[in-house]
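One chain, chain A, links the two complexes that follow: it is found with chain B in the first and with chain C in the second.
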Partner chain A sequence: MVTKTEEKQLNRLESQVDNGGGGAWEYLCLVRKLKVRRSVKVLKHGLWILNDSKKRSSLGPEEWTLYEQVAVAAMDCQSLDVAKDCVNVLQKKFPESKRVGRLEAMLLEAKGSWGEAEKAYSSLLEDNPFDQVVHKRRVALVKAQGNLSGAIDFLNKYLETFMADHDAWRELAEIYISLQMYKQAAFCYEELMLSQPTVPLYHLAYADVLYTLGGIENLLTAKKYYSITIDLTGGKNTRALFGICLCTSAIAQLSKGRNKEDKDSPDLQSLASAALEKEYKQRASDKLSALTLAFKTLKVSS
Partner chain B sequence: MGSGGELRYEISQNAYIKLVLHSLKHKTSAVNGVFLGSSCDDVVQIIDSVPLFHNHLGLLPPLEISLIMIEEHYAALGLGIVGYFHANERSDDVELGNVAKNIGDHIYRYFPQAAILLLDNKKLEALPKGERSAPCYA
Partner chain C sequence: MAEDLVLDTAIRDWVLIPLTVVMILIGVLRYFVSKLMRSQQNPDAKVVREGQVVIRARNLRAGANFIPAKSFRARRAYFSNEENGLLHVPKGQGQNPQAQMFSDPNMAMDMMKKNLSMIIPQTLTFAWVNFFFSGFVAAKIPFPLTQRFRSMLQNGIDLSTVDVSYVSSRSWYFLNLFGLRGLFSLILGEENAMDDTQRMMQMSGFGMDPTKVQT
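Our next item is the complex of A and B:
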C-alpha cells in the first residue's frame, strides 16, 4: 500500500522521466521499493537503460536487478521476447540460481503454459517451502485460470504459515468480495485491523462489508467503524461520511415501528452531512445540488 | 416481460466510448458502469454513461450512493438509468458473474427494458477501434 505523498513523488518522477528530464534509474528504484505495478513505464525506461551499454555498465552490480525488474515488467506487458532475452542474460550470469529459476517459471506462467508453470513452481517449493514469492505466484496462476476456489484454498494455506502478510489478507478479502462471500471477507479485514489498527482503509472496508451483509446489528456495527475511520482520517474520508448517512437512513428504515431510539444517531448524521456539504462546497461546488437531493432521498436531516 | 415486440437499443458513441476507455484504463481489474437514456415505443436510446468502479465491485455503500446521485442528476435532464455495463477481470472470462447479475436485476426492477452489456475482451483486442459484444439481458 502506498501513501499519498509516496504516490505524488512517484508520479512527479514519472512525468519528469517521460518528458526527457532524466532520473530514469531513480524512478525504477522507487517503483521497486514501493512495489507498484507500472509495467509499461518500467519496460520503456528500463529498456532505454539496458540497451545502452554505457548506461548499463554505469549501474555496476545493480544491472542484474534491473534485468530482473524489466523481465517481470515485460511479462506483465506480454512482451515475452524481451522477457526471454532478459532471463537468458541472467541465466548466463547466474547459472544455478533459484531466483532465475523463479523467473523462468514466471515466463511459463506468462505464456499461459499452466501445467508446466505449476510443475516448475511446485518443484521450487519442494526445494524451499518458505519462498513467499513462489507461493503467491502459484495463487496467481490458479486465479488466472479462473479457479477462484482453488486460489482461496492456496491463499488460506499460505496464510496459515505467513500470517503477517497483509497483502495476502487483502487479496483474499477481495476474492471473497468478488464471490459475494461477505462473512469471510469480514474475517480477513478483522485480521488486518488486529495487526494494523491505525490503518483507516481496513476499518472502512470492514464497515462497507458489514453494510453489504445487512441486518440491524451489522448496520450498527458498520456505523461504529465508519466513525472510527473518520476519527483516524481527521474527518477527511468522504466514503466514511457517506457511509454514516447511509447507515443511519437504513437503520431508520429497518427499525420503523420498533422503538429503538439511538440517542446519538441524529447528531452523528447531521454532523456527517454538514461535513460532506462543506467538502463539496470546497471541492465540487457544482455538484452540491446533487448532494442535497441525495440527502433528501436518504431522508437525512442536515 | 416485454410487450411481445422486438426491442431495439441504440447506443450513442459518447456513452460507448466512455465505458470502453474506463475499462482500458484499468486493465487489471473488473470495471462497471451504468447507462443513462430514455425509451420511446420500441427503442431504448442510450445517450450517456457513467463509469462506476474499478475494484470492490461487490460492495453496497458506494454503489447505493452513486446510483442515488446519478439518478438525481440525470432526472433533471429527463434521463433515467436504462442499463448496466460490466467488464470482467480476466480477459477470457465471458460469464456474467453474480455481482453483475444482482446489480442488473436491481436495475431491471426499476426499468424492465434494461440491458446489460458485457465487454468481450477478445473483440476489444482484435480491433483497435474496439468492439463490444453484448449478451444483452433484458
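Our next item is the complex of A and C:
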C-alpha cells in the first residue's frame, strides 16, 4: 500500500506535469516504483516523451523501461495500436527476451484472444516456473473470461508456492466474497491481517465477512474487529461505526433470553451512534433524519 | 632508542601511494571479474517454497494477537503438526547448514570460485610487495609498540635497534588489505564489497544442529 507522503508527492508531481511544468520523467519513475495504476496519465506523458526523439535519446538505456511502462498503460486504456507499436520496438531491440515475451502475451490478452494468450503464458511458465507476474496474469486472464472457479484453482496453486504474497491473498478473498464463500474469504483476510496488521481495510473487511456469516460468536468477534478499525483510523471510519451499531443490535436480538453480554455493549453502542450522528450532522445533515429513524428501528439507544 | 629517523619523501611517493592505488585497482578488477563469473542461479522449487513458508510463519508469530484464537491455533497446528506440519523437522534429521552447503555441488563450485578469486590476487600482490618493496623502512606508526611486534611488522629490516614503530611495506600492505574494505563498499555499492575478512571468519565453521536448540 502506498503511504500518505508518497501519495502526496505523487499527486504533486502529477499536477505539476499536467500544468506544463517539467518533471514528467520523475513522475513516471515514481509511478513505476510505487506500482500505482494511473494508466491515462502514464500514457499521455509517456507518449509525450517517447514521440520527441530528443527527449527519448536523453533517457539513454532507460528508454526501454519507458517503452514497457507505456505499453502496459496503453493496454490498460485499450489503445492497442500504441501498445503494439511499443511492443514491436522492444521486440526489435531484444528479440529473445522473456520480458518482451510477457508483454506480447499481455497484448494478446488485451486484444481478447484468450486461447492464444493462455498458450503464450503456459509456454512462458514452462521456461521459468517461478515467474510470479506471469502466474498472476494467467489468473487475471481466467478471471476476465468469467471463470471464477478456475481463477480460484490457479490462485490456490500459486499460493501453495508463494504463500507470502499478500496481493494474491487479497485477490483470492475478493473472489471468494463474490462467490459467497465467506468462510474461505475469512481465512484469506486472516492471512492479510497477519502480514499487514496496521492496514484497517483488512480488519474492516474481515469484520464484514464475520457479520455476514452470522452466529453469536462471529458477531462478537466482528464487533471487536470493527472496534479495531475505529481505533486504527482514529474514529473516522463511518462503515465501522455502523458495523458496531448493527452488531450490537443483532447480538441483542440473538441473545434475547440471556443477558450476560451487557457489560460494555450499551456504552459502546451509544458511543458509536453518537459519533455517527455527529458525523452526519457535519457532512450530510439532510440525511440525519433517516439516520435517527434507522436507529429507532434497530432499537439502538443513543 | 628514541631517535627520529627522517624518511625520504620519495618513499611516500613511490611506495605508499602506488601500493594503495594498485590494491584499489585490483579490488575493482576482482569485483567485475566475479560479477562476470557468477553462474546463473536457478531457483529451486523447494528453496523458494521454504523461504515463503518461513515468511508466513514469521508473520503468524508476529501478528498472532490480531486473529481469533481458533484460527491462530489452526495455523500453528498447520505449521508444527507432528506428522505433516510444514515446518516440522523430526529429531536428528536437521541438517547442519554447512554440511548442506558442501553437499550441494553447485554451491560448492561457487564457493570454490569465490575462494580462488580471493586467494590468487592476494598471493600475487603479496609476492609483488615482497619482491619490490622489501628491505627498507616504509612508514612510521604514530603510536609506540612493544618489541613483540618486531617480527610481524619489520620483516625486511634486519636491524634490531630500529624502533618498532618504523615498519616495512609489508605491514602497509596488510593495513590496506583490511582497511580498504570500507572504501570498496563506498565505491562498489553495498553488496559485493570485498568481504574477504567476513568469508575468512565464516570458514571457521559452525557446528550447530538446529534440532538440538532448546526453545
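The criterion applied here is as follows: the second predicted complex is superposed on the first by the 274 of 302 C-alpha atoms of A that agree within 3 Å, B and C clash if a C-alpha of one lies under 4 Å from a C-alpha of the other, contacts with A are read in each partner's own complex, and residues count from 1 in each chain.
By our rule, a residue touches a chain if its C-beta (ideal position, glycine included) is under 8 Å from a C-beta of that chain, and two chains touch if they have at least 3 such contacts.
If you're wondering where the values come from, they're calculated on a predicted model, not measured in any experiment.
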Chain A as common anchor, with chain B and chain C clashing or fitting
fit
Contacts of A:234 with chain B and chain C, given as first, second, both or neither:
neither
May I ask you to decide whether A:115 touches chain B, chain C, both, or neither, giving the answer as first, second, both or neither?
neither
One more residue to check, A:194. First (chain B), second (chain C), both or neither?
second
After lining up the shared chain so the two structures overlap, which partner does A:221 touch, if you call chain B first and chain C second: first, second, both or neither?
second
Which of chain B and chain C A:161 touches, first, second, both or neither
second
Hey, in the superposed model, what angle do you get at chain A between chain B and chain C, Cα centres, nearest 10 degrees?
180
Using only CA atoms and the superposition described at the top, report the least gap between chain B and chain C in Å.
20
Which parts of chain A are in contact with chain B and also with chain C?
none
Can you tell me which positions in chain A touch chain C when the two form their complex?
129-130, 160-165, 187, 190-191, 193-195, 197, 203, 221, 228
Which residues, counting only chain C, touch chain A once they are in their complex?
43, 45, 48-49, 52-53, 55-56, 59-60, 62-64, 66-68, 71, 75
Residue set of chain B touching chain A in the complex reads 28, 30, 55-62, 64-65, 68-69, 72-73, 89-90, 92-93, 97-99, 102
So in the complex, which bits of chain A are touching chain B?
37, 144, 146, 174, 177-180, 182, 205, 207-209, 211-212, 239, 242-243, 246, 290-291, 293-294, 297-298
